[in-house]
Amino acid sequence: MSLPVLGPLIAAAVMLFLRRLSAQRFVSFMTLGVSLVASATTFVNIWDDGVIRVVRMSGWPGSFAITLVADRLAATMVLVATIVVTIVLAYATGQRAPDERSSFYHPVYMVMTAGISQAFLAGDLFNLFVAFEILLMASYVLLTLEGTNEQVRAGTTYVVLNILESMVLLMAIGLVFAATGTVSMAELPARLAELPDGVRMGLQLLLLVAFGIKAAVFPLFFWLPDSYPTAPSSVSAVFAGLLTKVGVYCLIRTQTLLFPGELGNVVIVIGAATMLVGVLGAISHRDMKRILSFQIVSSIGYMLFGLGIGGSAAIAATIFYLIHHIPVKTSLFLVEGIVARDSGSSSPDVVSGMARRSPILAVLFLVPALSLAGLPPFSGFLAKFAIVRAGVVDAQWVGIVVALVVSLLTLVSMVKIWVGVFWGDVEPAAKVSTVGVLRHQRLMGVSTGMIVALSLAIAVAAGPLYEFATLAAEQLLDVAGYVNAVRSA
Amino acid sequence: MTFIRSAILDELVDRWLSKVAALVALYVTFRGHNAPGGGFAGGLVLGGVFVLQFLTGREPHLRHRPIRRPTMLLGAGLLMALGTTAVPLFVDAAPLESHIWKPDIPVIGEVKVVSSMFFDLGVFMVVVAVVLMMLLSLGARGSSLVGDDGGEVS
Amino acid sequence: MSLSLLILVGVLFSVGTYLLMERSLTRVALGVGVLGNAVNLLIVAAGSRPDEAPIIGRSGELTDPLPQALVLTAIVIGFALLSFVLALAWRNWSITENDEVEDDLEDRIVARRAEKNSKRGDVPHHEDVEQ
Amino acid sequence: MSDVLDNVLDVVSMILFVAGALLALVASVALHRFTGTRSRMHATTKPATLGVSLCAIGSMLQLSDVSNITKVVVIIVLQLVTAPIGAHMFGRSVGGK
Amino acid sequence: MKAVEAVALAIFVLAALIAVIRIVRRSTLGDRAVAFDLLTAIMTCALLVAAARSDDGLPLDLALLLGLIGFLTAITVARFIESRAGEEQ
Amino acid sequence: MIPRSLVLLVLWIALWGDVSVANLISGVVAVALVTWMFAERSGTTYQVRPWNAVRLIAFVAYSLVTSSARVAWAVVFPTPERTTTSVQTLKLQRGSVFVGAIVANAITLTPGTMTLELDPESLELQVHVLGEVDPETFRADVLDLERRVAEAVRERSWT
Amino acid sequence: MVLFPAVVAQFVAGALLLVGLRRRPAIGALVGLAVLAASTAVVATRGIGASTTLTETVGWLSTLGFDLVFELDGFAVLMALIVLVLGFGVLLYSLAYFEHDSTYARFVGLFMAFAGSMTGLVLAADLFTMFVFWELTSICSFLLIGLNDKSESARQSAVRALLTTGAGGLCLLGAVGILQVELGTTAFADLVALQPTGAVMDAAIVLILLGAFTKSAQFPFHFWLPGAMAAPTPVSAYLHSATMVKAGIVLLARMSPVFGQSDLWRWWVVLAGVATMLIGGWRALRQTDAKLLLAHSTVSQLGLLTVLVGLGWSTALYAGVAHLVAHAVFKVALFLGVGVIDHELGTRDVTKIGAARRRAPLVVAALGASTLSMAGMIPLFGFVTKEKALVAVLDAEVGAAGTVALVGVVLGSVLSVAYSARFLHALLSEPDRGEHDAVANHHEHHESSVLTRVLLGAPVLVPAAASLLFGLIATRVGKWLVAPSTSLAGSAKSKLVLWPGINDALIISAIVIVVGAVIGWRAPLSVAAPHGKHRSRGERSFDAVYDATLGLAKRLTRVTQPGSLPMYVAVTSLTVAVVAIAALAVDGWPAFEGFVSDSPLTIAVTVLTIAVSIGVAVVSARFTAAVFLGGVGYGAAVLFLMRGAPDLALTQVLVETLTIVIFLLAMRSMPHSFAPASSWAPKTVRIAVSLLVGIVVPLLVLSVHGARTAPSVAEDYAPRSISEAGGANLVNVILVDFRGFDTMGEITVLAVAALGVVNLVRAAERHRRQRERENSNASAAAGSATGDVS
């Protein structure tokens, strides 16, 4: 179970000795393959029996050791993350730019992978902070990989605000310790419950702010749309698909394990504002990557809305949304990368008529785009509707109206991209390669296709997946179960 | 940073200060388990020595010694720490679970070796490597240093 | 709780926040450094009592070692962050010959479009296209 | 006998401490009294070095552990070695007085 | 004994205060570095006295490292001033 | 002649505060590592004459105290003569860089005087001096110091 | 299970054609025809005359009741046959229509996907299933309208159609959610049985109607349909007359037995239907493009259908179903016929299409017959159904709404006769000489083969013949339609007759026909282009809303996303401050107690550190500030030491020193002082924000500190430290053992940071070299240029 964390780290260290790119690639894929097997095994086992797996680091009792805890949600997230990371790496290999530009790409990418897994598995608040720092630092490096003017400027915003986030998180954790004397997530629920209301609320809100910055929620989202568009597509794809999800995941943990059911209405309001502001940003922009980046923010809002409603149905819907959104968002960025690689840009001012040039690419865009807009029969529809339904049950009418309006505006933003980039005459001015769009980028196309297929598979297998999400949600709400599993480990 | 031609620096820094400081660095590293110090502090002290060499323009010294490839040192340090983390997995223990050996070696007597010492040593190496990398990259005046010393895979 | 430490933490938070709001990247880096110190002091001040150093064998009541260990990790991470920010500042300087964080270009474009209160949507280009 | 010795050592230490402290004070006052960086260095680094050395010797007299005494010795040596290096580097860089 | 040490420590604080005034008040970088160096020395002295006070090695560790590392700040400043000597004049 | 390695080994053992086989062995390893890590710039070594060395240390310590007092005095009661500064230049006689380096350090340690530069080729010494001073007297003092140093250590080349 | 596979087969065929058989679209079309035929066979054999209704459930997300349920009841059979048979005809027609068009492959693929969506929609047994296919039809329609994506207006129309129907779809989704949660079911049969009422149901009604109205282009959402005529004729014929726009009618038909008794439902339906009928009819009188004329006539007819189906009264439902069939039959013929004319003449202008009489007399005859059916002339099927509609409205016992409906239907009928007459007029008028030449010209360039003419002609002639035939055998057709309407309303005793005898309805009809014919024949064929350029008022409103939304979004985004880092930091800091204030507001002012007495030394060091830290913020010299930062660190180190944290102090001192060195390295070449700040906000604001943070955070700390309840877990460490972890320094033992994993992460962070620094420096170096290379190339070029000159 600790393999998805340790494996990539070891690989990263080994790769510092490797000069040859091919060797680095080999090590990367081998490692991810092993991680994949390991995380799939954990996932299947937990799917089978639902027993929470705990690894006690350094072998000390669960009550005061650092633990890695895999419950249903964590195991799922690690598996999905590993799959996505692997496919995107294949894409990056096909794209060639990032890993040929810097010999540190592969090691840093591996470290980021490890950080993501560790964040999902962390059973200790401070260790979670460390995991965050690992993946953040790796993301800083990946974001500024080429060191261009744009990247440095955007990287600065990203780095500074994420450092601020780190400070807030660290402060929050320090205060949690000061109030409770522990940072173990299994020990915290009981101790937090004893605190005075204001202190408890303050700690909860501080954690919400910290994770909220990471997850890019209103009003703390601004760093995201400014920075993601500047990274290479393969990098921003992982950022978009996974990194913000880590923040959401942590918000879910905070809301279910540490402060069960508290301040739900605040979360709902934040969620509604986030989806609205995000989508308005998306339709304000023209650039494909910008629109997609703002859409990340908007989607986060949906998850927060579901989380805020609370209860197993809403949390299950949120989990389903969380999982479905990873391949959807990732694939959109990957498509953008293919467009940009083919035409030198993905701006509608430069590119158009892509659908004529590559119908397959158009389909690869359309499926996740419609899924994002919540249209049936794609996974996004099920996820969005599941959340809306939970809202109806809870009579969150305002939120539902916002969610539906945002859904329409999301469609607007996707249509903007479609009309601007995929429709229209083939622009003669563009730096268009003469051969087929996907012919020279077969690996990029295939990996994008795999992620799209993954998202379609989520839609097809929605039934069993949703049952699993429901079980995962029930497990999340069973605080005592978590505590006992860690204590008795 | 330009090299400073100075007899004072030659004598003091090269002959004595560096070596004494490096010795202290090792000392701080290894006694950390029982007194303030440890791999991190020790690594920083040794890093400080390199800073001193660097500030006095002595970095050519670094380039003729085995630590000229700090990325490899970095990798080695990480591997040592990770090894300490992962090896227990092979003997069915928890990751990072420590083990205390007390072998009774002839002449020396009973020696107490704690496995976490290797972890600390890994930390030490990483810190030294990090300091070196930062010095050699940010501190490089010309370009050549970066390619040669800051990292080697091209 | 030590009152003087608390006041110091407050001052450091103020100074750090103030510096982070500057345009000069060097000052931002300074802010990162100050804020890091502030949080570290906060954790130690709030999380433990001033007692004897936590080394077994020392006389007197030992203070809580855990906040110290956490802060030690935080110090290192803070150093890593600060170094990277400084490298970023350096690179920024080497590109633009100034030390400032500029506003995002695309955002400014959108702002300008909003300012002009343009009647033109992006998807259906109306009047201007049809002519 | 050892009591007497201890007392003597105590007194010596005290004298050394106070002397060291006063030297430090003088050094800091010098920062304001003198003009020009080099002049200020004359008045600060040297008395400070001496001050540290005095305190170190005073401290050495009170310590019992070999390891600790060694550290104090190293501290003195370091003072004597590093002060010139610092002065040297400064002397090179700071122009004027 | 304790009283004398307390007096010594008080003098150190006073000296440090005066040095900090030099640092904070408008002055050149070089002067500030000199003051900083002095501050390090004062800290070392205080640590030595504190160590003697309780026959305790802990402050000595810090003093030792200060001695090893502290002067780096000063020579860093020196290097900085030197590297831009032309510019400042 | 005291090998530097031995000094370092003693230092190592003293730091641990305990003479044991384990410390000795680890010390040998540590010293070897350290020596290997930091290269020598010059291929010279030297010999210390213990008695002369002690005399030298005593001399330096004495001048350290007296001149500290003098500077302290200047701080407390500054006059123009006491606070004026000058740069004195002179050439060392013994032809040894090592000796020159020790001289330069000793000068720096002594309050009121501060070595700015010692050229390793010409052995020209630049000293910054606080307070009014007669150049000839100063030169004589420095050369006297050089003599004392040269008597305490003797350089020997082994390449 | 047959229904779901039949639907899926059409999608699969579509998908294959989109990505696979792109080079051979004709073969793809043949595959599509085969699939459509097979599906038709399935529906016909399993549906017509079956003793039990075939029901299929495809489990999807059963936990939430998101399953696909299909039912082949009478209405479903009827609609499915319309969809499939017309689809077959249109696809056949398209083979000739597109010929050498490069978009044909795309058309066939999307067409099949659309046919699948539509089949699924009409077979749906519950609202959820219907919604799924509903949205699919919107998507396919979007892509089909935009088939000629090089045309700006096609793109715009597609977007308008998608967003309008998409918005309606979301309303429908809301209704689905409400019904699912409130009633636990969306199955039509269950809903009819439940007859739900109440405030929440009223909301559901409004949402459902919005969905239906947008889809079926009812007022005020009627504007997108004429715009959708930018699509090629087969698309218009199939989607925007015969099938997709009927989706809203299907929905109304399914739901009106559920909500038909509600006044809310009835009034909305009647008002929207009547308004649509009148507006569409009026507009149809003013179109010069024959296709647009038909489009507006479709709008008008849809209004009639809405009124009939929405009234929820069994006879009206029966009439609605009948007229739905009639409309599908004559309208597909009309559209396809106009397409033939367009194909033959190269124009659809009503002043010019008269020339078609000679080129394609059969087609024009079929058009004429269909037009008469549209006008409701005996003996065509349109007459039969129009009569039935009048009867149904006359007999309706629904109060004032019924009266409004009656007036509306009469006026609407007048208009529909009028535009039919105008269209007929256009068909029969003689084009002037010049036009005739132009048409002849076009013809010379465009000689169609026999196969082409058959393929184009048959799909026009067959439905036209059907209009006539159905009229003649109206009684039998009426019997066929009993089952479909019974499946909706539960009971339908109505029947159709060609000649009902003289009754109120017939008299009204006669008056309507006379008045309408006069108006229509006298209406001018050539009409000056309306004022608003190419866009209708509805389109302009849509665009205004769209632009306003975008403008609002931009203005808002300018506020939320100014791109300014300082602003972002300020907002984030303020958020933290607000959090602290909120916590304090709940618990009240923290108790200022429990302070340890600080030693004078602590106080002194604190004061010094504060002084230095303020210096960091104040000083303007770059490196000096860095040194000050070091001073703050040293101060913190001393405080750590005094609190019993020697390890911290040690590390802090080392780290601060190294930090200063790195500051030096990074800032070597930067100027001495900071540039004067080009600030985003006045200094006072920044000071205020930072002071607020500096004040509230310590208060929060105090409040939290006082709340400590349990002892630290670290108390468990001490007993185990030496024996089990082998060390006495607890902090170090924690770092390498108890919490060694944190340290592992910490050195990883450090390592990656170093890699990042090196990477940035290398990038700079790479860029510098590149620039140098470019410069030297440039100067070399310049050098050779001067060489040439000399």
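When the chains are written out, they are named A, B, C, D, E, F and G in that same order, and each has its own residue count from 1.
Methods note: a contact is a pair of C-beta atoms (placed from the backbone, for glycine too) under 8 Å apart; a residue touches a chain by one contact, two chains touch by 3 or more.
Just so we're clear, the structure is a prediction, and the values are computed from it rather than from any experiment.
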{"item": "Chain pair showing more contacts of the two, B-C and D-E", "value": "D-E"}
{"item": "Taking each chain's C-alpha mean as its centre, the one farthest from chain F", "value": "G"}
{"item": "Centre distance in Å when chain A and chain D are each reduced to the mean of their C-alpha atoms", "value": "57"}
{"item": "Between chain B and chain G, centroid-to-centroid distance (C-alpha), Å", "value": "60"}
{"item": "Rounded Å distance between chain B and chain D, as computed from the means of their C-alpha atoms", "value": "30"}
{"item": "Between chain G and chain E, distance of the C-alpha-averaged centres to the nearest whole Å", "value": "69"}
{"item": "Chain A, residues touching no fewer than two other chains", "value": "9, 12, 57-58, 104, 126, 130, 133, 137, 140-141, 144, 147, 152, 156-157, 160, 164, 171, 175, 177-178, 225-226, 284-285, 412, 415, 419"}
{"item": "For chain F, residues that touch 2 or more chains besides their own", "value": "11, 15-16, 104-105, 115, 117"}
{"item": "Multi-chain contact sites of chain D, meaning residues that touch two or more partners", "value": "27, 29, 41, 49, 65, 67-68, 71, 74, 78, 81-85, 88-89, 92"}
{"item": "Complex contact set, residues of chain A against chain B", "value": "2, 6, 9-10, 12-21, 24, 55-59, 103-104"}
{"item": "Residue ranges of chain G in contact with chain B within the complex", "value": "646-647, 649-651, 654-655, 657-658, 661-662, 665-666, 724-729, 731-733, 735-737, 740-741, 743-744, 747-748, 750-751, 753-755, 757-758, 760-762, 765, 768-769"}
{"item": "Residues of chain B that touch chain G when the two form their complex", "value": "32-41, 44-45, 47-48, 51, 55, 70-71, 74, 77-78, 81-82, 85, 95-96, 98, 100, 112, 114, 116-117, 119-120, 122-123, 126-127, 129-131, 133-135, 137-140, 143, 146-147, 150-151"}
{"item": "Parts of chain B lying in touch with chain F, wherever the complex brings them together", "value": "5-8, 10-12, 14-16, 18-20, 22-24, 26-27, 30-31, 49, 53, 61, 64-65, 67, 107-109, 111"}
{"item": "Residue ranges of chain A touching chain G (in the complex, touch as defined)", "value": "9, 12, 57-58, 60-61, 63-66, 102, 104, 107-108, 111, 114-115, 118, 126-127, 130-131, 133-134, 137-138, 140-141, 144-148, 152, 156-157, 160-161, 164-165, 168, 171, 175, 177-182, 184, 187, 191, 194-199, 201-203, 205-206, 209, 213, 218-220, 222-223, 225-226, 277, 280-281, 283-285, 353, 355-356, 359-360, 363, 370, 375-377, 381-382, 385-386, 388-389, 391-393, 400, 404-405, 407-409, 411-412, 415, 419, 423-425, 462-463, 466-467, 470"}
